[in-house]
Amino acid sequence: MAIKILVWGENVHERRDQAVAEIYPDGMHAQIARLLSSDPALSVSTTTLQQPQNGLPAARLAEADVLVWWGHVAHDEVDEGTVERVAQRVWEGMGLIVLHSGHFSKVFRRLMGTPCSLKWREAGERERIWVVNPRHPIAEGLPEQFALENEEMYGEPFSIPEPLETVLISWFQGGEVFRSGVTYRRGAGNIFYFRPGHETYPTYHNPIVGQVLRNAAKWAYSPLPRLEGIIEGPNVPVDQALERISERGPKVHAPGQSGYR
Amino acid sequence: MAIKILVWGENVHERRDQAVAEIYPDGMHAQIARLLSSDPALSVSTTTLQQPQNGLPAARLAEADVLVWWGHVAHDEVDEGTVERVAQRVWEGMGLIVLHSGHFSKVFRRLMGTPCSLKWREAGERERIWVVNPRHPIAEGLPEQFALENEEMYGEPFSIPEPLETVLISWFQGGEVFRSGVTYRRGAGNIFYFRPGHETYPTYHNPIVGQVLRNAAKWAYSPLPRLEGIIEGPNVPVDQALERISERGPKVHAPGQSGYR
Amino acid sequence: MAIKILVWGENVHERRDQAVAEIYPDGMHAQIARLLSSDPALSVSTTTLQQPQNGLPAARLAEADVLVWWGHVAHDEVDEGTVERVAQRVWEGMGLIVLHSGHFSKVFRRLMGTPCSLKWREAGERERIWVVNPRHPIAEGLPEQFALENEEMYGEPFSIPEPLETVLISWFQGGEVFRSGVTYRRGAGNIFYFRPGHETYPTYHNPIVGQVLRNAAKWAYSPLPRLEGIIEGPNVPVDQALERISERGPKVHAPGQSGYR
Amino acid sequence: MAIKILVWGENVHERRDQAVAEIYPDGMHAQIARLLSSDPALSVSTTTLQQPQNGLPAARLAEADVLVWWGHVAHDEVDEGTVERVAQRVWEGMGLIVLHSGHFSKVFRRLMGTPCSLKWREAGERERIWVVNPRHPIAEGLPEQFALENEEMYGEPFSIPEPLETVLISWFQGGEVFRSGVTYRRGAGNIFYFRPGHETYPTYHNPIVGQVLRNAAKWAYSPLPRLEGIIEGPNVPVDQALERISERGPKVHAPGQSGYR
């Protein structure tokens, strides 16, 4: 059965910036979905910020195996409720792929616990993306490096937590470097941040970028059952302890009372 | 010059639960501060939830090198603004030591990006804390294990990110285990979570617990200057690129415009 | 196509200790292979120390996707050449599962770069193995904890590198804890250390242990092509640099000369 | 009391290659020691491959707090015994700083458990070293990046284990990137690999390189007592178990017998 990928597009630039609309006439989310769809193991749908509940009602999230996120100019229009719904689904096991300017999305910052800031320059310069972890599943089928002739520069320091694994590092023509492909686990959810994808360049028409996205979607997918209850802090009553113990000392909790949170 | 430690106490149980007040007549924060103060390298002060701005106005945080956090029943009374002030100071380089039930504090969850949930049982059972990383600075002077005869049980799974380093693991009489001492870096800030310290037991009168706290305070302290600007995403203009480049392709940003966030 | 699992057995205890022979009449490797074989996705074969080249000639290793290692009393009988052959295959992408007393095997110590020492007690005590990373692929289908009524105790500190991820932690009746399931990547190879399996107890007849082994075998397997050349340090000639540069300054290497190693 | 730094120099190039001798007339180790000595907190001495026992007899290692290693053309002349002596001292708590071509030294490969291979090009090209972890102790006082106008290129993939923390990443003029400053802990020992330092360029006359070396030496130093016995696997007799247990089941070890290894 195919892995269900949901591509979330902010869908603002492509409707108001002519340069973006020319490259992505159907929206960036549509083109990202097209790259993913070329793999029959992936069943891809799209949603956008403009739809009800930011395009991410609980039911929609519940059926997604992996969420792909592209946002830039409208991070603030994503509701806190949406952020919490997405975070909880990630903790329960939904994969998450955050693209490019999504580094500043509320969702990514929520899950990292850091500012996720970086340097930038919009000059259409050359980027070379190197594979530093050559047999990581996300690097499957990639050359040792590939170039994007025109990209926005993102430069270190990138204020993220130390990654679980660093897969890709970028070289920029103007002299900077950047950790462009990094993985995390948060609860049961696998997270991949992938740097390229500025809206004014045809990055999501690049076949190698497509390969990275498809690899990442399959890597982020977990076939295991949803991790229900991960946000709960359950009590284990004394009489259900695995090893026999007797209650001792004073208590603040009455029997059966929930924990404080 | 001494390291400035600020101990934040929720200060609720000790005023309303007789059992707690007997063990900590001056408040838990006062006793935690006492343990820390026995090291002349540490200059310790305290603050509580009940003071203005949750006891943590910007000026107070600005002068703290390391913040120690004990909270339980009143996590919800900590304002979002306080949480953001603390998080930003951590990113800038303030150390943070989160104690026991602080696992569910807004501050810890904010910085971890995970639910930080766990199992628990309030039965006064025996806990044995093992040092698994014997020459980590936080383990300085510790025996290979030490016992707390009466403690609340916290059991795995503890939904935290994979630690930078795991220093301590607990064994409980009732059959559970728990990662009781774990480290993280978030931005420039060192974070240590330390499990023991239930309010109804005299844990913060234990000398080995005091040793862990003093070690942790010194480990978490950074003598480096505050990392200003970590939340910013600065532009690097084309004419200031380290390597000479020419601007190419379409742009969405006007010259001098800030990035979107 | 099935994943090819090769189970390496030291095969000494089962031939000389009556107690072991009774539990594992066909050898421990045979029983470990039986547990793995119950999954049709795995094609399992066995080999032993007593066969030529310690049972691991290059051709045998070349066709293995995942190697499972059980050894104890005869670590020293494994040749250095065998250790290097195995290490190289791991770097190239072969998965490796090291069991129990294999912590002191030359192969595991070679790949960890640490002593891999621990405490032990052979008393047939109860072990409880807790899942601390509940949706890691190696934890698929496991209960939150499971007990082995009779096991050898292994206690911390376990002198291993900080794991990539910690999946399982053990509780022992006698008061110790142990990181019983830990993962690493070395080159292209996935490594899992799994603690249980003392030869005098029927651990490899336990169905949950079987589940862990099958999960681990599938997790450790990489479908990607062998990472040829990982031990080489190739020169990139100046005229093949991706960006045009001119040679400058003095050199110690003549054109076309290999690097020193 | 000052931290005792021992700089080990291979001391071959500087005696046979005129270009190297002109830059480092007293040997590379002497110049590296000079950079370190400018900090009064560091007490620096040197030793070379040509001295008895490769310049590293046990007594010499025993009194070193941190060992700095530069080798290139004579890795093979370092005895296995020397490698084991160094590794054991690292596990016991001696810091280790491995420089440049030391990536292929027996000592570094021994402690990493990986090939430590990389790409290279000796063209005197420009290297820019970026600080990606701006308040790591090793980055103290560094600018956000610094350039070495002439260096050997080292390119990814660098086959090392995932670092504990990545501190520095290099950009090369010819288009490559490299993880140039990475940390590890092995046993009680802190390890830092620092990329720059090709023998034909004046890298160890650069003041920022000196700053990195001094920072790294102080970071790698542990004031804690030597971790004796880390290579041992001690038995815990049943009658000394922390929790009372009775011996059950068959055994392969006689009472008081050592474990197998």
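Lettered A, B, C and D in written order, each chain numbered from 1.
Just so it is clear, contacts are C-beta pairs under 8 Å (C-beta built on N, C-alpha and C of every residue); 3 or more make two chains touch, one makes a residue touch a chain.
Only a predicted model underlies this, so the values are computations on that prediction, with no experimental measurement involved.
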Next item on the list: Give the chain pair, either B-C or A-B, that is connected by more C-beta contacts.
Entry: A-B
Check: In terms of CA centroid distance, which chain is the most far removed from chain B?
Finding: C
Notebook entry, point to check: What is the distance, in whole Å, between the centres of chain A and chain B, each centre taken as the mean of its C-alpha atoms?
Noted result: 27
Next item on the list: Round to the nearest whole Å and give the separation of the Cα centres of chain B and chain D.
Entry: 31
Margin query: Report the inter-centroid distance (CA atoms only) between chain B and chain C in whole Å.
Written below: 36
Margin query: Where in chain D do residues touch at least two different other chains?
Written below: 128, 133-134, 145, 155, 162, 164-165, 175-176, 185, 187, 230, 242
Checklist line | Pairwise touch network: line, ring, star, complete, or other | finding: complete
Check: Quick one: in the complex, what on chain D touches chain B?
Finding: 93, 128, 133-135, 137, 140, 145, 147, 164-165, 185, 187-188, 222, 224, 227, 230, 242
Item checked: Residues of chain B that touch chain A when the two form their complex -> 13, 17, 19-20, 72-75, 87, 91, 101, 104, 110-115, 117-125, 150, 153, 155, 159, 161-162, 164, 173-176, 184-187, 199-201, 230-238, 241-243, 245-253, 259-261
Next item on the list: State the interface residues of chain D toward chain A in the complex, per the touch definition above.
Entry: 128, 130-134, 144-145, 155-158, 162, 164-166, 169-172, 175-177, 179
